[in-house]
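One chain, chain A, links the two complexes that follow: it is found with chain B in the first and with chain C in the second.
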Partner chain A sequence: MQKQITEANLRLLIDSLLLKGQRVVGPRQSGTMVLYEPLASASDLVTDELPRRSIKEAFFPVCEDLLEYRKEGQQIELKDIDPARFPETVLFGVRPCDAAAVPVLDAVFSWDYKDQFFLARRAKTTIIGLACTTADDACFCTAVGLSPNDPKGSDLLLTPMVGGGFLVESQSEKGEVFFSTWQDRFSEPDGTQTQALATPALQPLDLKKIKAWLDDHFEDRAWDSIAVRCVGCGACAFVCPACHCFDIVDEGSEKAGKRRKFWDACGFSKFTNHASGHNPRDLQPKRYRNRIMHKFKYYDDKFGQTLCTGCGRCIRVCPVGIDIAGVLEEIEKK
Partner chain B sequence: MCDRNANIYLPYLATVEEVIDETPDVRTLRLVFQDEQLRENFSFRAGQFAEYSAFGAGESTFCIASSPTRKGYIECCFRAVGRVTESLRRLEVGDTMGVRGPYGNSFPIEQFYGKNLLFVTGGIALPPLRTLIWNCLDLRDKFGDITIVYGARTEADLVYKRELAEWQERSDVTLVKTVDPGGNGPEWDGKVGFVPTVLDEVAPSAENTIALVCGPPIMIKFTLPVLEKLGFGDEAIYTTLENRMKCGLGKCGRCNVGNVYVCKDGPVFTAKQVKAMPLEY
Partner chain C sequence: MIQTIDISSYSAITDAIRSEARRILSDSTVSAVIGYTAGRRVGTTQPIVITTADEADKLLFSAGCLNDLVVYLTKAKKDVPKSGRIGIVVKGCDLKALVGLLGESQLKRENLYLIGIPCSGVLGSLLKPSAELTSETIASKCCECTDQLPLGCDFIPAVTPAPLPDLEKRYATEIARLEAMTPSERWEFWKEQFSKCIKCYACRQVCPFCFCEQCLCDRNRPQMVEQTPRPSGNTAWHLVRAMHLAGRCAGCGECERVCPMDIPLNLLNRKMAKELKELFNSEAGFEVRDTGPLTSYREDDDQSFIR
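Showing the complex of A and B:
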């Protein structure tokens, strides 16, 4: 279904949601950067800047409690964290490269054991995407098979129209429900043209060809030159919408505390370190190789999907200027 | 209210029933689940692992070292080398700890019926095979000859010393124990030499035999060629890999060897499967 909405009505809609007590998350100024965070009013919404971190934290926070424990004598009392407590949430202004990563992550959090910390939030969240009309040098969604108005992962997708307002397309049942709940705010499309979409510079990559090379080149001297600059800071993984590695850590004393899940990164030197001191990925090129392999081979082998949406954040934050798109181009040429 | 379907990270609570010092730094804990129903119903297969927690320190991954044929308790065995294992070692009889599991695949024991079994292991790697050894000894008439080749750096580093003595006494088990050169005391009644060398010397027959190997990477590296020389095929050799894990559930992204998730696809693999993996374990 297609409808349209004026900028003023969109803001009214957000304020109405907030008045109803609905949790609304969108890009907003947070300290020195723009992040996806709960909005206090529609005026908080920032629509002209890609948030520093991705939307994955709406489902998979930087850190979250898994349980609480308290010791009484020799007994331990456990307090469960019920994933069902997560509030209904509407995500506004999610960029297509972020929204597209959410169904990709569904695969790992739902295969076999169901991680309800991710899945319960997922079930209670409506994602309203916003198509991009500008791209910067790091954007490469089009190179990995997506586009600036890709509907993947969005329940509703907003596309800016010429002269203001947005064309709105529903992409899922959640989107349809949203339309019918808030029908007064939307109107029928009047034929106004949408604005020209962003045009990321990088040409589409042949991901099949890249994967075919990865299939046969676990051992290759190219990894040394590709990863020679990597300092293992992990920033790329933390800003990535698809990286999902985590650690489980107890915080507190033997008497009382919490067990929590934290983002982790395969670039860290201790990530795979055994208690014996043996480390299967003992050198940085091996760790960087795992990053590329996981995104463009292993995840594909396991779930038939690519663990990268071309958002370009890892390129923007890398302190030593490693360009993953450039790495892929280099592999494609081999 | 604890719902383990909703929260897959929630451990069961277990009481430490017995503490056994295997070596100066290796300890066995015998655990009894506090939930009576679970104590009766907890079932696992030899080869599976669990996440054991010392609350306040975190979780560590070890195999379940006791046999599934021994009901009412489970055992884990670990060397105290880090934050969690040091905390686990501080637990006393009656203390409470956490257990998540059982996870991973297991030894296909039914496929071993009617065959001879050759266990080859070193040091702290005996516990992952000890579960299977007792499982097989408790079903003794289902198997042919059972041979155990076990080595450690020194006499003091041998774990399960009382069980080694028991196996040595049994007429239906052949135990070949060895220590590295220099690791033997004046009373030592076993062999002296590295496991692969001793295995080569003992030269057990490969005919109708399954080899079960677990040890440090260096031991595995030198043991596989010896087994090959003895005539063992890649699919007659099983091992259990022990990569670092956190979740044990196929999510946290840590234990993979290439595209193989040790926690889900393993930890038990045939030599054929291991040879197909990149060198990342």
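Showing the complex of A and C:
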């Protein structure tokens, strides 16, 4: 279904949601950065900048408690965290490269083990995407088969129109429900053109060809030359909308504490370090290889999708200028 | 008023680095040269390790050469070939870190071939890599730089860097602002900054002085510091980092530059440096010292703090 909405009505809609006590999360200025954070009013919404971190934390936070424990003598008390406590949330102004990563995460978090924390938040969230009309030189969604107005992952997708306002398309049942709940704010499309979409500079990559090379080159000297500069931090994985590795740790004392789940990254030297002390990925090139293999081979083998949406965040933050799009171009030429 | 920084010398510096790298690789003075090469995006660079003279033309120097390459010489970077003598491109600030590592017996001078850069400044960040170098876009560390010309190198391009215009000393200004706060205001400031931390450890991984093979913060048998990115663990990590670097940090500012969450980490390091200057008249420089200000004891050390 297609509708349209004026800029003013969009802001009114956000404020109405907030008045109703609804949690609304969107890009907003947070100190020196733009981040996806709860909005206090519609005027907080920033629509011209890709947030520094991705939308994945709406479902998969940086750190969350899984359970509490308390021990007294021989008595151990365990307290579960009830996923039902997560609030209904509307995510506004989610970039297509972020929204597209959500179904990718769905696949892994509902595969053999159903992650109730991820899935409970997911079920209670409506995603309102916003098409991009500008791109910078790190953006490459079009190179990995997506587009600046890709509907993947969005329940509703907003596309800016010439002269202001947005064309709104529903992409799911949640989107239809949202339309009918807030029908007064929307109007029928009057044929106004949408604005020209962003045009990321990188040419489409041949992901099949890249995967074919990866299938055959687990051992290759190229990994050393690509990854020798990697210093082994987790910045790329942490800003990535699709990276989803995490660690679980018990923190507290012998008497009481919490079990926590928090982001992990394949760049870290302790990633996959065995209890024996053996680490199958003992050097940085092996860890960087895992990053590329996971995104463009393993995930594809398992779920038929690519674990990269071309948001370009890892390119922007890498301390040593590692450019995943450049690495893929290099592999494509082999 | 925004002033343009004169970096017209950088193309001559690039030519000189290339010919010197070609020479020392072809006559086997060194087995590898660590330098900068162009990235895919205009204005960006990335570190590169070259091992043949044919690759010398890949090297360059520009306002986008932000990295302190000295990190690649440390034992934390096991993957960089370190057999034989290694050539490395260093700016003045980078060289001070290298000198610190020589003092800590982490490196041997005879195993290094230092290519110094007569530096006119680099960008503060590569978020907008094609930006022109101006009084606004220049790195904060460059605004307070007194070491544009590194000393004690094996080769320095015969170029005199244009003197930097009078730039606002951003760290000095910010430290003065924080010093004027009450302790509780200052605590609030840092609590907010540390709350942004996501524990990606980019600050640790780029630091030439973070060469511990087993970082205290990675220990889990037993756990010494909360690993999770929460206020207590974040604060513990950043205080451990600051204290462990006190008297060692050379001021390359890489920790702050690479922080994806914009935490002004170098402020902690600069404040430590200021204290050490005031208390022990000690600061990072180009002269190798066997002991640092906090690793030596003298009878006449100020002990007034013991009460």
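Note that in this section the second predicted complex is superposed on the first by the 334 of 334 C-alpha atoms of A that agree within 3 Å, B and C clash if a C-alpha of one lies under 4 Å from a C-alpha of the other, contacts with A are read in each partner's own complex, and residues count from 1 in each chain.
We take it that contacts are C-beta pairs under 8 Å (C-beta built on N, C-alpha and C of every residue); 3 or more make two chains touch, one makes a residue touch a chain.
Bear in mind that the values here come from a model prediction, so they are computed numbers and not experimental data.
More chain A residues lie in contact with B than with the other chain of the pair chain B and chain C. In the superposed model, A:Val228 lies in contact with chain C only, and not with chain B. Touch criterion met: A:Val249 reaches chain B and chain C at once.
When the two structures are aligned on the shared chain, A:Arg259 is found in touch with chain B, with no touch to chain C.
In the superposition on chain A, A:Gly31 makes contact with chain C only, not with chain B.
In the superposition on chain A, A:Trp111 makes contact with chain B only, not with chain C. In the superposition on chain A, A:Pro280 contacts chain B only, with no contact to chain C. Taken together, the two structures place residues 247, 249 of chain A in contact with chain B in one case and with chain C in the other.
Residues of chain A touching chain B in their complex: 66-67, 69, 71, 74-76, 78, 80-84, 108-109, 111-117, 120, 218-219, 244-250, 252-255, 257, 259, 261, 264, 266, 271-276, 278, 280-281, 286, 290, 293-294, 297-298, 301-302. Of all residues in chain A, only 31-33, 52-53, 62-63, 137-138, 224, 227-229, 231-235, 237-239, 247, 249, 251, 260, 262-263, 265, 268-270, 283-285, 315-317, 319-323, 325-326, 329 touch chain C in the complex they form.
Put simply, chain C touches chain A in their complex at residues 39-42, 44-49, 67, 71-72, 77-80, 126-127, 129-130, 192, 196, 198-202, 204-206, 218, 220, 223, 226-230, 233, 254, 257-258, 260-262. Chain B makes touch with chain A in their complex at residues 1-3, 5-11, 13, 15, 53-60, 79, 81-82, 85, 87, 94-98, 216-217, 242-244, 246-247, 249-259, 261, 264, 278-281.
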